[in-house]
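Only one structure is covered here, and it is reproduced in the block below.
Each chain carries a letter (A, B, C, D, E and F) given by its place in the written order, and its residues are counted from 1.
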């Protein structure tokens, strides 16, 4: 049975029917929604941060300054577009789009609504057509997110390189190392989710979490925490914003950008924030899952719950920014490689072990105890190895300089 | 493992594995020498002498034990020790009239070579290499297995290479390398030939491959073309080893630069590997090809005779002269081999021994002369006769043997060869005969220049032959005379084997029979070969 | 483990701030609130001073331009015409421009000035929409007849804010009194009155710092 | 429709690969490589290899090319290569010739092949269009998982070994080494400052492509 | 013929040599990271023990093989006598090469255990290759092997040449791997499977003849032909056959000597194992198809190797070319494609491994600290300084030259025998000529060692016990099995693959 | 015209050849690696095309493993390049020619 969402695929897609129209409408909707959400997100961030710093924040443009982002955008739009002499012009111009497009595409797999209660598959009826409230639901679903977040690095990287200037280059090299490193942790914590859902499709992942059996709890909180941290790093947001570290790198990869091109980066960055929040919600918090309070507007509740959850995570990101100081580069790498990745891996193994044990009817308590003790042992070994390496390095430095 | 081999032979009819002993004793001797501590020069020498003497004694025992009336291989073990099963390679030794005297010659010359000269340095390695060499040479003469033949044929290169390279004179590195590469190059193709023989025979007969010479020779399963090609590959190896005219150039260098013992062994024994190879692996294994190529080989042999003689005449270095005389002498042997008559073959075998004795002795004498005078240049010598008459006398005798003076051993061989060759090809034999005259020319001339005339400077004070040296030389001189006067015991042991070889050739080569002379020449007093041969 | 709680405490701190009172008032709109007082050493935009008789202090010596690390000052001097002098002495600043897109308000020009011609005010709220506006010419920099900075259209300040000036010190006494050579002292400024020296920097207390 | 998408993707792929071949700047080459990889991912999608398309992008674009770019930037080796100089006289025509030969041979071979169809002997359990109990087509990722962890489990384990080797190797190469370095041989130094004689004594210069097919 | 007791069960005995080797390396890695300072003798003991353990398991497996071949893990791994034989060879070679690293790392002051670890992991890749019964597994084994060897080549971080060697090896290695992989893809296209047994089954078609009997015939399509050609190209690179040899001299010269010893033995063994296995699963007709080109490759390899070696002044480089020539000899056996040929190749591989490791062991010693100077001067008068070492090297060099009473001779004898048996006389003749030409260069070294006077300032090099042991083992094996090659030969014959 | 696996094979042959030429003519090791990646991708295309044509999952499995190998190769190769470049500021392979050959 070919579902409608899957009809976005080339085969079986009826190019003449209303399917096409539906698709176009969905694309436009998602696009608009993202743009609007970016606008609001920027405002929201500035507002919340200023609140947390006992400031007022933007309040001039529009009520409570809500149109501030729009004003900024218009300003940027009219600013002079500079291209440094040293730059690699083609790449310099290409880079912002490389940043923006993956950011757009990433959202296409997020189910933003639909009834998943009582075994529902999340489809809704609109104008007599059954459809999903998501752009596409490809079988490899969540991998699109990983792929796009991988592609997003190019924008940052090439922007930095093509500027022909040292700070952007340093910023982009940092960004690359950081994003590649944290993508591993991201993927590994994601694997735990996949283990639970048994499918890569986001729709399936949501279906499996229905009625409050959210992954955040059923997987233990660890994968979620790792995903949250790694996701923040992936977004280059504080406290992982070494990429732009103003004090050291002026503005990081986009130092040389101005005007519209700069705004594209800006847009992509915040779009990614929104998407990341949406993904977290989808993966760990049941997506649009939530109680349907009044049946008359049943389509409304999932959307509401979804956006509420997203807003909570948007707030969390801002909260991070307001609270945590920026990490040093080596701390960043240590956190990623020595803590998050092993932890994600070990937790994944533990979950897999429990699952196997469940299938084989082993004593769950015993598995848990044994598993956790093995994990502890492994972690101890890991830390010992790290300490050994540090000592050895210190010693060799001593020999070298002493 | 050796114990196995010994046991295998012990179980055989011969009772005691004499033939294996001929190879194993020197090999063990070398091992013992290698294991003896470095400084014990006398111990090394003693061990070397012991090993070679025991081998020599054993060879003599083989000689005595040999049934002279039989032509085939004797003393073979009934149950050959399998070495590589999949290829049908086994440890199988045997001796017939052809190899018998070469074995004895080897057993005889090695102790003398060791006793005759002392190395100037590195005694241990020197003796070890020499004794290893003996094992290799013995192996070539004794083995009944193509594979082992090749192994021994190649392995002798290594000790000889080191003997020349380490204890030789002047340009020794060059000479040693040239020697090694030439002979290795020669035998390279032989390996292909050997393998082709084995596998072609195996596929023709449908049997498992075997490397046994007798089996292969008796089977004669090769096609004519294959046989000829393979013969060529063998011939190249032997031609280099002999050496035959165009591929001889390594020999003067090697002989000249080798230490005295090396020269003696090289000339006395190692060159015989080639001529023996021609007999055993040319005629015996590929009779058809041998007959087909015989004219060419005879011509080459004759060219060698004349070329060697002419080149010898022009040499300024006495040792080099002797080396070139070897080329000439071996030309005779090749000529005799490919004449393929009973007389010529008998003569060839005889001449192999003769050449070993006379040239070996000559090299001894030249070597001692060099020890005394530190030069080998003919022009720098002269009038030695006065200072060292005994030395001169010995030299005369040996030289005359080399020339082929009747009454000495050289004559018998050369005469038989020419006699046989004349029957096969009068023209070639006639030309070859001039070689005898040329030999007289260059040797006598050299003798005259070196020993006659006024003795000047150091030449006048040259020391006389020492007793120890005399004792080394004496057996050789005795044999030279004895074989010249009374060759019968030797001939009658050789002939049955040769007869059988000739009949083997006749059997396997259609339309060919042993050339016979229209006129039976009056035979020599001691030459009863025809009658004896036809007795059985 | 305590680390984790420390983190949580940190988050609690920022979260609690959400509900605290804002420290910033809404001063932008008239009547919307009071501006908070400026710190003593705030460096605002420059003014070119005059003597009491209305003569300009600037003598066009270009020391300020020379010392400026951002190279934002452009000065060209000219000879005074004897019958109508702009400044006392031979020369006066004929052209005096400061580019505020470059100026970093380091105050070095003020220290370099031998005549105290250039000083800094506490006015910093100016936003222009044109690059040309960023370059303040002499006409805009020089104080008005009342000895106060001129208010330019794009500058946002309220009455009285031009009263405060940036505090600064000098290495040499500006008054020309040889007794105060090498002593740190406050300068008297036209129109702003004499400020009290900060503690420990008065020559009476320290007696010089040899 | 499929054909159209294939053609577009094929053009993208070919243009990208020619771009890699000809780009002077390594960064541009990397960008062209991404283009190719993306085209290949699309081609994967056409035949419903969704999972492969996704990991193609994740692994290649998301990791491999990033690594390339990272190294280019880290080392600052992004200077353009002068393609108009033939490194070894005659190497370039030869290379094109051998490339053409490879292509020609391959195409000729392919031309002889019968249409590629499912083999009669094929195992239905491994068919791509296998359906599950409910008649729904099994997604490629599920099939891949079953095969990789079933039939090819050993190969999967070996990839672990392989990656360990790669990591150990990378760590070894990247580790700071104490002590004095042995001098870089004269010839290398001469080459780096572009002295004339290097071209002389390099009669047979280092050439990575000599042993081609 | 091929037995698999229960497809769902894993036969761990078959995997034991592989597991032993791989886990030996990985555990060593783990232990090192957890201990403060690991004595290098522990590392050596551990790694050599693991390699020998692998050999021991392989021997057990050999004895245990009651059927002709056993497969496990969905028939992706095969244990027949062929693979077990080569596993033993790889294990022993690895053990010897590991024994060299100890001294080398100490002398060159290269800290770290990565060299032994990488060697062991690489060797496990080699074991996978020889045991592979599935093209994917084979390819992954090859990559594991190669990847580790690239690093081993670049291991001497203080020597620029070493890294250069690593890079050259890597670029060309990766390049050739793609050819191999493309070949695998095309074969897959032709047969629809990558399992060797199934490929064999798919390739051999049956047809019923008029008289009712069934005839098996082989009809390769274009994909199969192209696939095999590309496979051969890829593997020819790995074994360093002409014209895919250009990496060999540079890599050998630049790489750390123990790595070279490892490369020359294990990598060659694995590469040839692949060649033999891949050509054999399709049977005799494959050889008929590919015989002529392979023969040309073999001849070119022989000649180029031998002649290029002559002009070298650097002994290590010279040995690199000579190793090319040796590859040509082994190819003789492969091209013959007969039982004899395969057995001969196996014998050659087994004995050559010892030879070459022994030779490079001596080279390691003689080059001295820095591992850079391999000129002939280093060998001058070695016999005076260190007669035992010189004698051992003499034995090894003579064996490489193919002088009788050494394994080198028997090996050459057998491969040439195979070529002759197959009727390719011209190839056999070229091989012998190449042998003579090559002999010249070994003689050059021997002359230097025995006939030249030592340089005045030449000091005797210290011979550490382990390296000495390696040299001694190599020399003894060379001599003993040169005189009595029967045992190895029997094993090699027992191990040959079936050529239909 | 209908899309057949042959289209895939032909395209991959072209990409493979382009990659091979690239390895041969380019001197920058990094670009050489990229060309090797091109070749690997060509192989992947072949595998996928064939798997589709034969209706068999094995070809796709092979692609999976090739991806792993490609990743490992790049890691090792780039590590070596970085090690080399640290010692000398060279970008082209034939500048690196200390070793003859």
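Rule of thumb we're sticking to: a contact is a pair of C-beta atoms (placed from the backbone, for glycine too) under 8 Å apart; a residue touches a chain by one contact, two chains touch by 3 or more.
Computed from a prediction, not measured in an experiment: that's the story for all the values here.
Graph distance from chain C to chain D, where chains that touch are one step apart, equals 2. Under the touch definition stated at the top, chain B and chain C share no contacting partner at all. Centrality by C-alpha centroid: the chain sitting nearest the overall protein C-alpha mean is E.
Two chain pairs, E-F and D-F, are compared here, and D-F has more C-beta pairs in contact (counted per touch definition above). Among the remaining chains, the Cα-based centre furthest from that of chain D is the centre of B. Chain B and chain D have Cα centroids lying 67 Å from one another.
The mean-CA centres of chain A and chain E are about 50 angstrom from one another, to the nearest whole unit.
Centre-to-centre separation between chain A and chain B, using Cα means, comes to 92 Å. Put simply, the C-alpha centre of chain D and that of chain E have 27 angstrom between them.
Taken residue by residue, chain C touches two or more other chains at no position, since every residue touches fewer.
Residues of chain B found to touch two or more other chains are absent.
Counting partner chains per residue, chain D shows two or more touched chains at residues 2, 46, 55, 63, 67, 72, 74, 106, 110, 113, 116, 118-119, 122, 140, 152, 155, 159, 162, 165-166, 169, 172-173, 178, 181, 184-185, 188, 206-209, 212-213.
Contact between chains, using the touch rule, shows up for A-C, A-D, A-E, B-E, D-E, D-F, E-F. Those residues of chain F that touch chain D in the shared complex are 1-11, 13-35, 37-38, 41, 44-45, 48-58, 60-61, 63-65, 67-76, 78-83, 85-101.
Across the interface of their complex, chain A is touched by residues 30, 33-36 of chain E. Taken together, the chain A residues at the contact with chain C in this complex read 48, 51-56, 59-60, 319, 322-324.
For chain B in complex with chain E, the residues that touch the partner chain are 1, 82-87, 147, 150-152, 154-155, 157-158, 161-162, 165-166, 172-173, 176-177, 180-181, 184-185, 188-189, 191-192, 195-196, 198-199, 203, 209, 229.
Residue ranges on chain F touching chain E, taken from their complex, read 9, 16, 19-20, 23, 29, 32-33, 36, 39-40, 42-43, 46-47, 50, 53-54, 56, 58-59, 61-62, 65-66, 69, 72-73, 76-77, 79-81, 83-84, 87-88, 93, 96, 98-101.
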